[in-house]
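These notes open a run of structures that come right after.
Paired with chain B in one complex and with chain C in the other, chain A is shared by the two complexes that follow.
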Partner chain A sequence: MTNDSLTRDALPNRELIEERLVVWYFLAAIGYLFVSMLGGFLMAFQLIRHNPFNGIELLSPGRWRMIHTNAIAYGFLANAFLGNLHWIVPRLTLRSVMSRKLSYFIFAAWQIVVLATAGGLLLGEAQGLEWGETPVWIDPLAQVGLLLVAVNFMTPILKTKGPMYVTLWYFLAAFIWTFLTYAMGNFVPEYFVAGTSAGAVGGLFIHDLVGLFVTPLGWGSMYFFVPILLRKPIWSHGMSMVGFWGLAFFYPLQGIHHFLYTPIPMFLQYGAIVSTIAVEMVVLTVIVNFFGTLKGSSRALATNLPIRWFFTGMIFYAITCAQCALQTTLTFQALIHFTDWVVGHAHLVMFGVFGQWLLGVMTYLFPRLLKSDWASPKLCEWHYWLSAVGLFVMALDLTLAGLFQGWSWAALQPWDASIEVSQPFWIVRIWAGISMFSGQIVFCVNLWKTWQQSPLNKAVMSSAVVPA
Partner chain B sequence: MQPTSPRASWRFTVIIAATILLPCLYGFGGKFLEFVHIFRGNADGMFAVTPIVNYLLASLGFFCLLAWATMRGMFHDIEAPKQTFLDTEEWLDHRETETAR
Partner chain C sequence: MLESKAGVMLLAGLAFFTLAFVSNAVVPLLMYQDQREQTAEQLVNGNLRYQFEDLARRYPDSFEKAYGKPPEEVVEREKWFNQKTADTLRLGRKLYVGEACWHCHSQFVRPVSNEEQRWRPVSRSIEYQNELQRPVMFGTRRVGPDLSREGGRRSNDWQAVHLFKPTSLSEGSPMPEYPWFFDGSPDKPNARGLAILTYIQWLGSWLESYPYYEQYTPAPLPVEDPSSESQ
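Up next, the complex of A and B:
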């Protein structure tokens, strides 16, 4: 697109992006992050036998554990990504979303879906599927919501002419994949297949939710923000396209690697392992592209906090993927299945990679959205270090705990022995969680101070005062 | 690590693509052949129908998209979008600054 056509076709900035909605989505995401972390704390205290709400059914750790996971997936990640989409898609396509009213409707509807899910889980109405615990009466609403999101964002994307940037490919695919994945996981095992067969579909759902909803939106965002932050193009757009098509063709069959050694036929288990190794190669394209782009600009890691968030997330990504390669081998799986290794891995992916990237995006975008620099750059640094170090300690701690648990079970020691050996690790986990939680409190304090000094706040205050 | 020329970058991308695609296609081909054999012989094959049909449908859709994108010339100058995108961003930022004044 030439500069002439840009000048001619593009909407004014104010009409292009609904910035208020981006802020609302980010604030909702931060709110659910707190809820999720509180759920995590409740479960963590239960494990060290200090549950403060013992005997209260509504506050039972089993239910709050589901709120912990669902609030992260559908509350934090989904809201943050929707905010991201409202910023990125109009800037890449130079077209606004299909309907702003629809955008506001989706925002309200999605908060109702997440809150209703939390309410349903607390009342004990969970569906029997990991990550798909949303009560059955919410599933159709969520499905319609995902359809509306797809229509609202795909309309401007499909109107673009000429070769698309990789971010738009990922987003386009994510809208379709998320809709199909949600339907597959929440309806097929519930109404159409049963038993181990439903387990196989459940395995696909668990992993596809990460790989076909979170991953394309995360990778797409990374490919958008990193070149902007470094002020140079990505190392190889061709390689990013290899990554995209690799994800499209290899990801959908690997979910069964969650159910190795089950009655699922071995050729499907082997297929999932082969597919996982293929995806490891696909992930390499992203890692190589990121570090290739960063090469020559490493000083930015000291001076540019958002790029440091992305860098840290990418390091955790490399670790996560190395873990994946180990986990899907049958030998290693026999040791770590059902242990805290898996819990550590999940935290590394969700908070260590995509959480860090999204917090980096917020660190970059909030000053632009609020038209004010951060009130305290020092607090921004504290937010980064408390979150990154806390997560690193937690992931390392749980990984080690998982190995000790696995060795304990492999040695045929009594169950209680594995619980005892886990206690020190679970205590360390709480301290790591406190560090991460403190980081988010610091972030909120800084955000509040920044809002206080923002010209938008002053405009709101003065408009509130004038009528009186 | 910046590629010395577009040709070198293209060659490297093709090597990476082949490294990913060829072994995986071989692996998948083998597993699908095995599936066909099982499907003819015992009930295990039936069990696998749901996940495999899921995969085939999704892949068919993306194969059609790949064919459509290729025919529309989306990959003719595969490195062009990364520069166009940055130019657009720069232009949008510039316009925002101008408007703010």
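Up next, the complex of A and C:
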């Protein structure tokens, strides 16, 4: 890592940013990332039939599998993005958020939402929709929390005059869509609609949660950080608009592609497929735009670690989307639906793309937040390589496993054969998981050391700024 | 509204979201309007009642502990059994969701990949129009086989032992053990155990060709109950 990426930027609007809250959000995100990974391990060890906790109710792999996915969505991603927003929005608007008190209230409320969700899932109170498992008594609180988030950040954004940078377009859209998506997924299929139509709404929900909550916040952050780190404007502002409007129009139309070959009417399934392939074209423009920005500065990939995190994520994004365009076709679906291919795909998106971006953002921001260089740049490198390689191995491994499972089923082999053929893949998956997990441990060790040498630590030891 | 970019965006964002909701959710909803959503009470059928009463005979102590004694009078008794079956189905579904069974077992036979050969009839919309499919249990991953045609294929005691310790019946199974559905041994299912067994036996019980490819013969029982002579 060069000094270039660590140059202190003495912004005049520093006082607009509640840096302490950014740190809190990031620490919460890292904490939930660990919880989620432990849940993943429990399920992974169960699959290779070496779960040491078999038969213990509160450590049931089924319940922990739901904690695994929910902790990533609402614990890791949501917290990390909120920290991110507290850094970015005041800088782009030159205004602070609506209310700092409200910001702290949202932080506390959101942790309650996530912890209560985990508690509810552990006690077997889940609801039957992926990412919508949040027990019913928490849904209203989460809904209010999302509304407050929207109000708190939209107030400064809407006050800005003149042209708005694409990051803010993405963020504005995400605030509104996330609120609507959460409401749709957590109430409609549970209370108002049953059966096949509930499947259609459920598909739309899980799809929109990725596309209208995670994706716009992710790309919005990339449009902010990449030009700053590379010290040049984005390659084409026009193209960034194509990406934005293309996502806004095509992405929500695809929910049903999660349930192809169900009794949902075929014409709706075809619509979802066509729209999916259309959005991949749009994705291509976004990727081209970012690599166009990188052109001429590609040395930054070697010297600037956050940039390397970001562009690795973008390459994984391109792979994911190429995969999408293929796997959404009926031909592919016949083979890979219900297999580990889908699990590999999910990890590629959530950890490979958005996880990498957010870890890159943290790598960039922690030195600025703690007013100290990373204690060990070498450990930063280890964090990157263990995470990226581990993830790549896991995604490749599960994708292959999916093909074998699909072929085994189609060949009408006894069911056990599909389990036996999966075993080597599931064992490799554990090793990949261990690699990703140790990457995060290295990250935490490095963070702890950095905190030790931070002037903040020395200055405010007694008032405990960061509960580490 | 249309003077500012934020206003245009808000409208466009809402419009796109609504368009997606209409095309992906409202359209199928309207198309299935004529198929009324059934309640758990309406879902109780002869096959399921047989299985539920089988639980009463097979695990009399557990059954009495969970539900009390059925009334002696025939009409009352019928009503009582039907109501208990429906209540148990609801609890069974809650457990199926809460234990995340649906994360490893689908309930949806596709018209491709030879699934009709393996599990028999391809799933139809009408099968899902009931309160136990709210939200629908299509599933997301098949570590274990599809369960939508599982009812009646295997006896209650097979299912009980399998839930208690899957590897004792299917060697190499990666399914977790569920001892908390039982009071210490597989022949003592508790209220939750009886509920999950009932729910499993419900799956597919509505089909005409029930049960499917395995010739199901009820395990022999000491006959003392006059209502057990059917089947």
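Note that the second predicted complex is superposed on the first by the 448 of 468 C-alpha atoms of A that agree within 3 Å, B and C clash if a C-alpha of one lies under 4 Å from a C-alpha of the other, contacts with A are read in each partner's own complex, and residues count from 1 in each chain.
As a working rule, a residue touches a chain if its C-beta (ideal position, glycine included) is under 8 Å from a C-beta of that chain, and two chains touch if they have at least 3 such contacts.
Model, not experiment: these values are computed from the prediction.
In this overlay on chain A, chain B clashes with chain C. Residue contacts after overlaying the shared chain place A:Gln46 against chain C, while chain B stays out of touching range. In the superposition on chain A, A:Val274 contacts chain B only, with no contact to chain C. Once chain A of one complex is fitted onto chain A of the other, the partner contacts of A:Ile234 are limited to chain B, with no touch recorded for chain C. By the touch criterion defined above, A:Thr178 reaches neither chain B nor chain C. Contact with neither chain B nor chain C is seen for A:Ser454 once the two complexes are overlaid on the shared chain.
Of the two partner chains placed around the shared chain by superposition, neither chain B nor chain C is touched by A:Thr312. In the superposition on chain A, A:Ala200 contacts both chain B and chain C. By the touch criterion defined above, A:Val343 lies against chain C but remains apart from chain B after alignment on the C-alpha atoms of chain A.
When the two structures are aligned on the shared chain, A:Val166 is found in touch with chain B, with no touch to chain C. Residues 163-164, 173, 176-177, 180, 184, 188, 193, 196-197, 200-201, 204, 245, 248-249, 252-253, 255-256, 264-265, 268, 271 of chain A lie in contact with chain B in one complex and with chain C in the other.
Within the complex, the chain C residues that touch chain A are 5-6, 9-10, 12-14, 16-17, 19-21, 23-25, 27-29, 31-32, 35, 37, 94-95, 97-104, 106, 108, 110-115, 117-118, 123-125, 128-131, 133-145, 167, 170-174, 176-180. On chain B, the positions that touch chain A within their shared complex are 1-3, 9-10, 12-13, 16-17, 19-21, 23-24, 27-28, 31, 34-35, 38, 44-45, 47-48, 50-52, 54-55, 58-59, 61-62, 65-66, 73-89, 91-92, 95-96, 99. Within the complex, the chain A residues that touch chain C are 46-49, 51, 54-55, 57, 60-63, 65-66, 124-130, 132, 157-158, 163-164, 169, 172-173, 176-177, 180, 184, 188-191, 193-204, 208, 212, 245, 248-249, 252-253, 255-256, 259, 261-265, 268, 271-272, 333-335, 337-340, 342-343, 405-406, 409-412, 415-416, 419-420.
Of all residues in chain A, those touching chain B in their complex are 1, 3, 6, 10, 12-14, 16, 91-92, 94, 162-167, 173, 176-177, 180, 184, 188, 193, 196-197, 200-201, 204, 227-228, 231-239, 241-242, 245-246, 248-250, 252-253, 255-256, 264-265, 267-268, 270-271, 274-275, 277-278, 281-282, 284-285, 291-292, 295-296.
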